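We just call them A, B, C and D in the order they show up, numbering each chain from 1.
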Amino acid sequence: MTDRLFKWEKENEKDVPGEERSSRKPDMSVEIGRIGLKNPLVACSGTFSHGEEHSNFYDISVLGAVTTKSYSLKPRKGNPPPRICETPAGMLNSIGLQNDGIDVFIKSHLAQMKKDGAGIILSIFGKDSEEFKKVALRILDVKADIIAVELNLSCPNVEKDGTSFCAFPEEVKKVVDAVVSMLDIPVIAKLSPNHDNIIQSAEAAKQAGAEAISLINTAVGMAVDVETYRPLLGNITGGLSGPAIKPIALAKTYILARENILPVIGMGGIFDYRDVLEFMIAGASAVGLGTVNLIEYDAGEKILLDLEDYLVKKNINNIRHFTGRIRI
Amino acid sequence: MTDRLFKWEKENEKDVPGEERSSRKPDMSVEIGRIGLKNPLVACSGTFSHGEEHSNFYDISVLGAVTTKSYSLKPRKGNPPPRICETPAGMLNSIGLQNDGIDVFIKSHLAQMKKDGAGIILSIFGKDSEEFKKVALRILDVKADIIAVELNLSCPNVEKDGTSFCAFPEEVKKVVDAVVSMLDIPVIAKLSPNHDNIIQSAEAAKQAGAEAISLINTAVGMAVDVETYRPLLGNITGGLSGPAIKPIALAKTYILARENILPVIGMGGIFDYRDVLEFMIAGASAVGLGTVNLIEYDAGEKILLDLEDYLVKKNINNIRHFTGRIRI
Amino acid sequence: MKILNSEILSNERYGPDIYKMEIFAPHIVKNVGAGQFVNIRCCSPDKRDPLLRRPFSVFDVEKKFNVFSILYRVRGKGTRYMSELKKGDTVNMAGPLGKPVEPVSLKGNLLLIGGGMGIAPLNLISRIAADEGKKVSVLAGFKDSSLLMWERDLMRMGVKYRMFSEDGSWGQQGLVCDHILDEPKVLRDHDIFCCGPVEMLKVLQRELEREDIRATAILEEKMGCGIGVCNGCVVKVKKKDGIDYLRVCREGPAFELSEVIFD
Amino acid sequence: MKILNSEILSNERYGPDIYKMEIFAPHIVKNVGAGQFVNIRCCSPDKRDPLLRRPFSVFDVEKKFNVFSILYRVRGKGTRYMSELKKGDTVNMAGPLGKPVEPVSLKGNLLLIGGGMGIAPLNLISRIAADEGKKVSVLAGFKDSSLLMWERDLMRMGVKYRMFSEDGSWGQQGLVCDHILDEPKVLRDHDIFCCGPVEMLKVLQRELEREDIRATAILEEKMGCGIGVCNGCVVKVKKKDGIDYLRVCREGPAFELSEVIFD
């Protein structure tokens, strides 16, 4: 895809013949409880909006699924700017769940998403289990259009200093319970790395009927402007994402997946197909692409192709081969 | 310090005249409870051994203090290799507190350290409060030679999955209590980012008589070799350090320092003088240099000079000016 | 749209610490509108430092040669990396991004008010307007004369201009807003576009408000994605029903100056 | 000791993906002993990627010109960065590090057994021994002939050698250890130094053990600091009282082969 001055150089960039991938295309499909995905790549909530922008770069229906921005009952304006700050191999954000509200999503964005053709995981957020329940209620009518609902129990940008539902397993249970009782489609609970109780939270989510755990949301972080003495984020603290947190996310994935409580959708700093394999080997059944979507807009397509190529090269005909394969 | 082929180029590298720093040298001293340091730069435990190697690169007595490797009652062989793995803007280690034991430290390394002339913070580790007490007992005889004892309550490499004392504030209290009851020199409790109870742990440490909190030890992390399916560390998980974790460390420092429980020695990913200022503005009274010592062997000297230059440039005559200055 | 590795045709000093990079990119040249920007990856693909792309306004286009340019100041590691690229190297880039500013000038006359590097997007507006035969005037303020080369570009476009510099080394000594209200009637005759440091925009907003004169401001904000997905680059804007946070990379970068809330 | 920015005198292809870098560094040339290494920072000082330094054995020294060289294979981003440096650029480097191997050869004869890039430190041992008038023999095994240029270097040093390659494209087809015990008596006459992939060292250890022949192995391990402070680079070693973890960068890189535990 090089845009070059000399046209004839373009000619040389054609695929090398004999490298036809399709002839032995590996089986990329995965199952996460009742959720079947055609491949393990899921766009992470908040990094893909509702897919429209990325559709300019590739056919997003190639993805296993797209998770929407987290929607709340009422529209939320989000946090004051600045909301973004780069850190070494990572970034902080304090968006604060700015969104149009679940009704606008259902009325307008959903149609667009259906047209784009990717499987939809609808991420939702509420300030308590009652509000979660109300959001779930709105989804009832359109539940046929979505694969699963993901509960954002772990946004570090709405409560002081990054506290969130998943600090308390009993809260996790209450919220999952509230939603599951309303909606008979699979529910995914999304947990954070900021609390050391992921196993308890996952147990709680399972007891309340969740289908899977998404792991991890961003880690609470901060940066300071040395010249002005001000925090570099309007919300003071924010959520750290990107390659910087990959080792932390992998450890959490490993520690939770090993318990065999629920299947894990692993995420945090995935930037290439090798990162995907690391998460799967550590125990993830599927993976989330987050920050990479902000930087390499066609990452979903590229990583998928790279994964397929790798499997072909290694003569592995099934991506599920990797999940939990870690050799200790 | 360029080693060049042409000698005359060296001539041009002399300091620009008129930049005499000494004439208005700012006051760099800080106080952390009863601990007075001539400047806020402390070498972190485990990244400076006992100072001998770094003495080859600069006069380490310019530092505020040097924290030793954590010493235990008996020598420890540490964890099986590989023990080191690079990650994006960070590194994982699973050294596992390899050390010669407190007796060897006292008998041989201490003399070397005294000769090198830096203030000594002795880091110690025990498997329970009893063992901490025994280590403290050995220190009694040499307590005049050290500024403070730092209790490593937060090593993620000795217990399964990185659990450590500071997961439990009551354990923190017990251990600090055990040591304080033996030793009448200042005690620093070192906490980890892996638990969300730093405020409670700091309270517990204070109640038991600690003088300050060191924050943060490494974050539990992991990496996987995609080709062999093996963890890249012999101990499976390890501790993440370096610039990658700086935003997390800053947030922890801010969240704890704001509570005014005990003075905070902030650390995690500091690589230059601006990082030092970030930590101080966020609330740290002093800071630790860790991973940077492994890469820029003369970081301590360089950062100190840069700090002094910056203060002169900004006409600030006291480094304490920065602590907690954050503008919210 | 695609992320492309486009070829650099030149990357030369334009002033102290300021470079102009010319890039061969038919897809940008064909589609770009005034005010739009490109988003550049400032390290080799296997590196994670710097992580985020860096946005730069399109400074100029040469339709005939399928070439466009950006003008940038070296600030940190991203722009330092860019300044080390050479003719023949490629730059990984997405664009054009942002909403083009409204079809230029109903009034037929354009007034561009710039400060510092804020002249970058104004240059393209000027180019497009001049090509359409519109009358363009420029008022611009600088710290010093480091952007002096721009005068030549403006002369070539046949644009009227008046420069201010804080140190008096270029044009009139002073700030660009100092005399902005000297002739309000003239201002009213123009479509006004402004771009520059927040401090300048604040003063401009206050001054123009007094005479109830409208202007379009081209804003900058730290960006996460540049394509509208992260909601990271918002500015606070007055709306009928209170305030709203709008994305510089999507609803912007051009906003009605009087509606922006700088705080 | 200092971390210095030393000037690169040449950085040229030595084989496919293999480069030889010559560096002007009086302090290294003056102090370096056989087996020692330098630790190189593989990015500009404002970058954090790659974070850790990369260790490279000193390959050769030219005392007269205050120049030493390293031989390296491009494996990842650190070595890729190095391969892009040019004559006249500087490289940020500390050294010499590690313990020099014991004063060479009481027996007067040296046998160097190398595999792949493991020949790098052996080359310096050979140089030092040859300069002292010792007799040096080399046995080395490779995947293919990509290190062919080394033959010329050995010839110039007047060293006896025998090469093996897995694909038969250079010297004899096969592995370097295949015939190692053909003449145990000859082996006993030599001080043996070996360096190469762990698989090779394991076989060598097993074979030499059979005849109770000693050898010095030069080991590699991922390094945190390279100067002995982090305890990151340890290898497992048999000691009278059980096992011990010794640092490659401090107690090593040379160890008694029979004492190393590869597991």
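Here, a contact is a pair of C-beta atoms (placed from the backbone, for glycine too) under 8 Å apart; a residue touches a chain by one contact, two chains touch by 3 or more.
Worth saying up front: this structure is predicted, and the values here are computed from it rather than measured.
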Set of chains adjacent to subunit C and to subunit D: A, B
Neighbouring chains shared between subunit A and subunit C, ordered by label: B, D
Chain pair with more C-beta contacts, B-D versus B-C: B-D
Chain separated most widely from subunit B, comparing mean CA positions: C
Rounded Å distance, subunit A centre to subunit D centre (Cα mean): 45
Inter-centroid spacing, subunit B versus subunit A (mean Cα positions, whole Å): 35
Sequence positions of subunit C contacting 2 or more other chains: 48-49
For subunit A, residues that touch 2 or more chains besides their own: 88-90, 242-243
Chain contact topology (line, ring, star, complete or other): complete
Subunit B contact footprint on subunit A (complex, rising order): 87-90, 92, 161-162, 167, 194-196, 219-224, 226, 228-231, 236-237, 240, 242-248, 250-251, 254-255, 269, 274, 277-278, 281-282, 325-328
Touching residues (chain side subunit C, partner subunit A) in the complex: 1-7, 9, 24-27, 41, 48-53, 90, 94, 221-225, 227-236, 243-245
Parts of subunit C lying in touch with subunit D, wherever the complex brings them together: 43-44, 46-49, 76-77, 80
Subunit A-facing residues of subunit D, complex: 48-49
Contacting residues of subunit B [partner subunit C, same complex]: 88-89
